[in-house]
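The chains carry the letters A, B, C and D, assigned in the order they are written, with residues numbered from 1 in each.
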């Protein structure tokens, strides 16, 4: 493998990892702050992609699809928090598993009623449709590069919010000690609501951004859910930095695994996970 | 801990057993096959409840053990005829036990939500192992053209190809499973397992080896799931990676909660109720999964004690909502009594 | 002097850069109550957790009799003969007194984890449970559900559970916490009886109880031992007075 | 489409008897009532097709094609009225045996028509063999169904995976391609198609440089496309279907490879997917047993009738459903509607020859179609006929022991 192909494969891996991070960060935040396990996370990823497709094919504008699908995802998150999740805080994990499993079935079936079950593709905005010539035979799609940049910017934004803002301070304090935060007079219910909705929005955003380079299809959420779980387990529950490390590790393992060990590529990430668990049962950056 | 069965329960069990024994005589063939399938799912729910209900460990990789045993039968079935049950069943179960021991040893190092996520990930690992590699036919699955043969000294003892015979074998397995779990729960082992669920730290400080205890329960439970998977594969003659996926594991959890986790037979009732409900919904509604999803959500909020709670509510008219209570207990329970602040 | 049942040397526990316990050495003899006192945050509970194995040590060694138990998990220490009670009562609330104690007796039997056979019919276990219940004076309450009893009785039950595991050494973490006057005095009497044939390490805030029970005393502050010796010696130790008066007036009350 | 079992009410026995009595009373008393006068019992056809999931559209078109033929015959085949029962197989192999048992055991259908997904079809073949139920496969190309698992009661009106790909080997060699990379999903259909192509291609003298594969139905192709760019082959032979085909063709073009390394494939790469693929599909050459602009009378009248019935443009899936009904008609006509005479029915079906919309169609000893395979190229948004890649291609039916 020559240097340029290696670089391109590296880029492929990083790009995949960045998308994983985007989705998994939502999952890890919701768990870290609300203490709620959300198996329906992948379903919201899938829903984001379908919403983007529906809006894009109705309006013809990717920008509108992005904004619209994101807003709907967020609103859905707020509504679900109000109706269901609020009652879940403090309930045992089994109840949370069952609730989110029920939600998966409901969301999947509603999607089928609203959008059908066909496979669709979404066109990227026209100014991102070209490719950049890399070698004499290989070009790299501009949209993929743009996607990398957008994910990077979002990652930085997430870190900034958590590390530097008052909201982030409350979020960190809440993850550290829920009772204490409540005592300090912080509107915890409000924080919960927006963190949950934000988590859902991140999953939806992942689906929206991936729609132009992937296809939009019914089962797309399932694979993403499992990968996000592995990312969170690897990185440590509640740790956004851990999720970033985990996501990049998996993106690179998967990409290079496909090239070097095509037969077992999808097992490799689980081997990686098992190895990390042997070493650190609570993930790379998880609290002991 | 475990309540003794009331006379009413005993009568109900006896009646259900009598009905089951008579079923092949009174019901058409399709329903006998359907009942066999339902009983195998019931075994699965019973096995899962050993670790969820009595062990307090929410596992999302039980489907993988179910599927793995089925695949083992597939591997052991020759092209020309059925595999010998005496050989293939122990091999399948021991394989499941070995895999469960490894997965359990890794996952039981974690607690609570981590345990759920890790078991989910390991279950999916097995799913992808069969889905993405060519062993076992990859995503196409694998066909088992002959049912296992039960023979002694070369002469066939039971012919599993006959659906009535298969039904009785499945029934025997189910009854055996129920008795086994009843025995386990009442044994010193079962008491220690429940103690570890209720208060892990106390159980440790009394000297119970909680890790080994849970690992043993995990492996036993996985082997029962494997037994169900073995016969399920034999019944359908086909195994696919989807059998190992977490959707099956989650459905099993629904059965357990629906039936009620506090009793030995509750999950069996839950399994039969859910499968029967699905059969009815499937043939009546286009979007039956929507209804199934809503039922599950309703179960979580309105009936966390399952059908048992419903029965109790009908009897007493109360509607107190207990929690599912099958979580890994906090290491330290709330202080007892009216502890005064100390001088 | 009688046999040393527990000997801890230079125990240390670090959390990150913070030393919760450092350089603590302590021993307990047979037939003795050795009390550990000190202001809140002195590291007494951490010490007990280090001895019982609930918390792993960063440095130092713990010997139970002749056996090095430094790296054993809590359950193995328990089987080696170390029993403990917790600051907050940890019993199985929905079980009866007898069931609670039987469970503890079972843990110490030869067949603690037998897969088959009913627990209910194991006569050896039942007999040991009965005698532990009798020893703490709960015989009349044997079939009462634990959560229905008074706080004091629950603490007695917890001690019965510890006894049923037939420990050589008992760690008691604030056994009098939350008790009224009458309950406290009967608990003090109970602890006084328990030490014979065993050894007891007691962490307690109630100074009257400590001085009534302790054969020897160790005083901790800021994670370290500041004084040790007989009650009389400790009572007049200047470092002890300053530690209590300087840090925490209330605790010495 | 409903997932439920929808069954039109069967003529019950009581009404049937009254009808016969009425005919007697109406002045035909001196003639013996013959089966031709009494309304014959309807033949129960069980559709086990994907009415939901990725292949839902394919299932619907097969269903419509079949019904179109039956309607053209006035609602009956060989004099027997036809009654339909539907089961949605959801393209899930794990529920296939269950669904098949439901049709055979509970609904007691006379014949099962299905399905699209090869894994599901395999399970159906198994039950059909065990219960000796007549099965007509209107799509799934899995070689085994008319290979090692062939049986007198199992027919196929579509293709075998081998059949549609093997001719492509010679075509590509004749176009000057010598070193080729193949890419597909790692599952039976993909391996059989790529294997058949490799067989034809190496026989012609070409060399397969590398066989790339990824798990079904994964669609993250980027790493493998980069790999192709590194290998720089003369051409690529690909098999994907549905959403995967759309994405692969688009990614391939986005990477700029379509300009330097021409893409060939099995027909499914561009069948029914061109609207979603858009410009990226232009110039892709594929082989299949059908092309959008086949110029024969049967095809023209079929497309017109299908459009009139459903309002949609017919395709190969509709043709396969249509031919499944035609095949049954051939069997029933030979016995004057007596489905019970199974040996004669099967013999007549195997001997059937008719002008299908896809061209001349007959059947091999293994009950697989013998048909032309066409080379097509994507132009003007459709798969246009280039040439006949193989005349009357017959699957070798390897491992089939039922061949007499």
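Just a few scattered comments:
Everything that follows uses one rule, which is that a contact is a pair of C-beta atoms (placed from the backbone, for glycine too) under 8 Å apart; a residue touches a chain by one contact, two chains touch by 3 or more.
A quick note: this is a predicted structure, and the numbers were derived from the prediction, not measured.
Touching chain B and chain C at once is no chain at all.
Here A-B and B-D were compared by C-beta pairs in contact; the pair with more is A-B.
For the pair chain A and chain C, the distance between mean C-alpha positions equals 49 Å.
If you average the CA atoms of chain A and of chain B, the two centres end up 32 Å from each other. Chain D has its Cα centroid 39 Å from the Cα centroid of chain B. Averaged C-alpha coordinates give centres for chain C and chain D that are 77 Å from one another. In chain B, the residues touching two or more other chains are 128, 131-132, 134. Residue positions of chain D touching 2 or more other chains: 215, 217. In chain A, the residues touching two or more other chains are 112, 266. Inter-chain contacts, as defined above, occur between A-B, A-D, B-C, B-D. Considering their complex, residues 1, 183-184, 186-192, 195, 198-199, 201-213, 216, 332-340, 342-343 of chain B touch chain C. Contact residues on chain D toward chain A in their complex (touch as defined above): 52-54, 56-57, 212-215, 217-220, 222-224, 226-227, 229-230, 232, 242-244, 246-247, 250-251, 254-257, 260-261, 276. Only residues 2-5, 92-94, 96-98, 101-102, 105-106, 118-119, 122-123, 126, 185-189, 215-217 of chain D touch chain B when the two sit together in their complex. Chain C contributes residues 52, 54, 73-76, 78-79, 83-84, 86, 88-95, 99, 103-104, 106-109, 111-120, 122, 146-147, 150-151, 154, 161, 165, 174, 177-178, 180, 205-206, 250, 253 to its touches with chain B in the complex.
Chain A makes touch with chain B in their complex at residues 31, 35, 37, 39, 84, 87, 91-95, 97-99, 101-106, 108-110, 112-113, 226, 229-230, 232-233, 237, 263-267, 270, 273-274, 277-278, 281-282, 286.
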